Amino acid sequence: MTLNLIIEQVLNGCQLGVMLFMMSAGLTLVFGIMNLINLAHGSLYMIGAYVAASVLAATGSFLLAVLVAVPAAAAVGYAVDRILLRHFYRRSHLDQTLATFGLILAANELVRMIWGATPLAMPLPSLLAGSVSLLPDLQYPVFRLVVLAVGLVMAGVLYVLVTHTRGGMWVRAGASDRTMAAALGIDVSRVFSVVFVAGAALAGLAGVMAGPILAVQVGMGEPILILALVVVVVGGLGSIRGAFVAALLIGLGDTFGRVLLHPALGSMAIYVIMAALLALRPGGLFPSHA
Amino acid sequence: MTESILQVVGLGKRFGGLQVTRDLSLDIRRHETHALIGPNGAGKTTFINQLHGGILPDAGTIRFDGVEITREPVHRRALLGVARSFQITSIVAGFTALQNVALAVQARQGHSFRFWKRADDDRRLQEPAMECLRLVNLGGRAQTMAAHLSHGDRRQLEIAIALAMEPKLLLLDEPMAGMGRDESQRLVQLLKSLKGRYTIVMVEHDMDAVFSLADRVSVLVRGSVIATGTPAEISADPAVQAAYLGHQH
Amino acid sequence: MLLELSNVQAGYGAVRILHGLSLRLAKGEAVALVGRNGMGKTTTINTIMGICPPRGGTIAFDGARIDAMPVHRIARRGIGLVPEGRRIFPNLTVRENLLMAARPAPGRNAGSNWSYDRVLEVFPRLRERLGNPGNLLSGGEQQMLAIGRALVTNPSLLILDEATEGLAPLIREEIWANLAMLRSDGMSMIVVDKEIEAVCKVVDRQYIIEKGAVAWEGRGTALLEDEALRNRYLSVGEAAA
Amino acid sequence: MLDNSQQTTLRPSASWSGQQSLRRLAPVIILVGLLALVPVLAEGLEQPFLIRVFTRVVVFAIAAVSLNIVLGVAGLVSLMHAALFGLGGYTVAILAEHGTTELLVLVPAAVLGSGLAAAVFGLIALRTTGAYFIMITLAFNQMFFYFFVALERYGGEEGLQVFAPLDLAGMALGGRTTIFYLCLAVLLAVLVAGTRLVDSRFGMVIRAAAGNDRRVSSVGIAPLSYRLAVFVIAGAVAGLAGALLVVSQTFISPAEMSWVRSGDLIVMVVLGGMATVWGPALGAVVFLLLELLLSALTIHWQLPFGIIIILLVLFLRDGLANLIGALRSGDGGRGHD
């Protein structure tokens, strides 16, 4: 393995990592505060990608695609939470799993009805389509660098929001002791709604970013959802910091697993990482509920 | 009567910045009824949990009936003869009263890897279980779902479960909590009938109950025992009154 | 009346704890709830806060019924809680524990001006631990933080549940001094505590809670002078009944 | 005093209370008896494809009943049951590919393989609880899925066809009717054994641990070893069902072990009702027939199907078996709390 190949794969791994982080940030916070398992989080990713592909096809503007798709995913997230999920906050994990499972089936079929069964293409504008030369012999696609940058910026923004704002303090306080936070005047369910919608927007953004790299197709949300769940479990439910570390770990593990091993065995590598970590620390890397 | 069955030496436990148990030492004599009292947050339930195995201490040792059990898991201590009732009643709500007790009987009889014979028809389980229910005056409620028992009956059921384990040591964490006057009195009568046959360590706030049941009383304040003695000695102890009523010294 | 509970019933699951409890508190007044453990003092407080909503009776605060309100709205009407066990957020620093709760007083109580800085002036120990996560504080520090955290919400009523419990004697004295200072400032308070002598110095009236109802109420030093009363409801020893 | 034996079908562990053996087995006998009429009806209506359809129904009923031992009795929400099911199927298909055609070898191998996999992965997954357990079993399920997708030697994503005719005790396996009755006999055996299991001492421990783990360890039983045992038993039976799937349709593909299939199995269990051993078998029948019916009506059948699942969780949480029981005892539909 040459140095260039290693650098390229590290970049690929980090890029997958930040995508996973955008997916798992919402999942882990929603679980941490409301104890809600939302398997349909991947559907918001899918919706982001489809809306972006449509806008891009109609206008040719990638920026416009982002500006429409992200609020669209957030709006769908808001509607789903208000109409359906709020009935499940206090239900068992089994009920939550089943209801969001039904939601995935319905969402996939709706998307198929609206956009058809054939995958959509998301051609990149020329500005983002090319490659740049990072080192003399290392060409790297511009768009992948953009994804990496966007992911890191989002992680940074989220970090500042969660650790340095009052809203972020409310989120963390609500995640560790809901009742006490409420007794200090915090409307925990409103804080949760905001977190849920923000998580939906991030999932939508991840979908837009994934569109040009992977195919935009029905069911695209599920593989990434399962990777995001692995990230959440490894990082520790409810922990943003854990999600970030675990997302990079899983992103790099998956990428290098595929390169170094047989691709199929490579995609199993992350599960081995997960199993090994949980055997040592059943609560994940950074458990938020002590 | 003076042989000790439980020796606790130098027990310590910290949660983050909080020292909940500090250098706690206590001897419990075989067949005595020993009450633990003290203000809230003194570490009484934590101490019971450490005896029971749900919380492991950071320091110190616990010896029970000649065996060191400081780091043994809950189920192993149960098999050695440590039984307990919980501050918030802990029973299997979906089982009948009888099934709840039968579970303890079958644990006592060895492993439960028996897959075919119906447990409800098994006389080796049902008869001893029924016996324990009668002992706590729940014989008539044997087939009632535990979820449908009154609060007082549930607390008695919990004691029946403990008795079915044929324990050497009964740990009772606030057995009177949440009970009306009649229910409390029934339970005191029940515990009186057990007194002397079992070693009992009880945490209790109901002073009537403590003073009518306990042979000895220990007072826990801020994670340590500040006094141990007969009920009369304890109620005359100025340090104890200070801990309760806040007389300044 | 600032707060009025009338014939309140409450409990958890199948267990009934409060059996028709009534009490009242005027603006600027402080009362103590005393009684043995397990008699319903903390449940009374949880019921006022809406944490354990009442099943019967009414609760009025500052002219409005609050017995069906969600917890955060009750708090926002101007009740600051220092809960039993302190319940500091372990994953927030001392600074964050204070900042997350800070807000200006609700309209009616506009005179109050507890800020982050003022709390640190009153509790200088906290200033040294600002960056520490809540779970690494000692018991006394946690208690001061819990009081400070309730104060920065600028409440018109402060409720303290066992604020001195489990603390070393010197720290307890410090807490009592802080409460006396708040009283001289005119803060309305409900104080649950076992230290009868100390609590009587801080409050105007006392209620003895016994088996989920008020068994006795009185003012000033009546409770301290009546030994039979104390023996019956409070002390370690066999009850006269 | 009320008769409590009929009153308490509210919680998973609540309803296994003392009824007589025969009475408990009555629904099993009725259900299996009705299914036994299927080949007769199919011949009579000249719709032989119905036998094939119902063979699949019976196979999934076995899988659903085994999942319910984990889900309804032990209270563990496992999303890796399809993997154990598919593993059993692949064991048969791969051994057949290499020339082994004797069912008396193939089926035990499948049972053993799935049981072993359940033991290894159960040991890791059972270290966690609650939501962690759900997510971990989901991830493990996908691990198996990707493994077989990648196994191109055995068909990869396309799946693996069994070409060799299979034998039972040296004799050629008969037509589809014989295979149907073979599967039905296995279902009957699994239902009877399952009923005994939940009423046994072992079942008592499992049910108690689902309701109150702390109580179980406090009386001196370590719940983990019992949970692992139940996970292995259910996994082995899932492997058996997977083996029968391949025997009946001579084909297996990774699609049968995707996490969506695990979700389907959970829906079957909940639809039928977790509170009885036979409920999930009924759930499998209704689920697969509903799928068939909806897909005949519209190509977009997954939309109404997804909505039905959501409505099921919202309004029929105790399942069909409980609904039937409630109607029979004149109790009306009791909600759950």
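Letters A, B, C and D mark the chains as written, and numbering starts fresh at 1 in each.
Keep this in mind: contacts are C-beta pairs under 8 Å (C-beta built on N, C-alpha and C of every residue); 3 or more make two chains touch, one makes a residue touch a chain.
Values in this document were obtained by computation on a predicted structure and should not be read as measured data.
Across B-C and A-D, the chain pair carrying more C-beta contacts is A-D. In this assembly, the chain whose C-alpha centre lies farthest from chain A is B.
For the pair chain A and chain D, the distance between C-alpha centroids works out to 32 Å. Separating the centre of chain A from that of chain B, both taken as means of CA atoms, is a distance of 49 Å. Distance between chain C and chain D, defined via averaged C-alpha coordinates, is recorded as 54 Å. Those residues of chain A in touch with two or more other chains are numbered 290. For chain D, residues touching at least two other chains: there are none. Multi-chain contact residues of chain B (touching two or more other chains) are listed as 16. Taken pairwise by the contact criterion, the protein chains form one closed cycle in which every chain touches exactly two others. Contacting chain pairs (ordered by label): A-C, A-D, B-C, B-D. By the touch criterion given at the top, residues 14-15, 17, 36-38, 84-85, 90, 135-139, 141-142, 162, 165-168, 193-199, 211, 230, 234-239, 241 of chain C touch chain B in their complex. For chain D in complex with chain B, the residues that touch the partner chain are 1, 4-5, 7-8, 11-18, 21, 196-197, 199-205, 207-208, 211-212, 214-222, 226, 229. In the complex of the two chains, the chain A residues touching chain C come out as 166, 169-170, 172-173, 175-177, 179-188, 288, 290. Contacts from chain C toward chain A in the complex involve residues 49, 51, 70-73, 75-76, 81, 83, 87, 89-92, 96, 99-101, 103, 135, 149-150, 153.
Here chain D touches chain A in the complex through residues 71, 77, 79, 124, 127-128, 130-132, 134-136, 138-140, 142-143, 146-147, 149-151, 259-260, 263, 266-267, 270, 300-303, 305-310, 312-314, 317, going by the rule given at the top.
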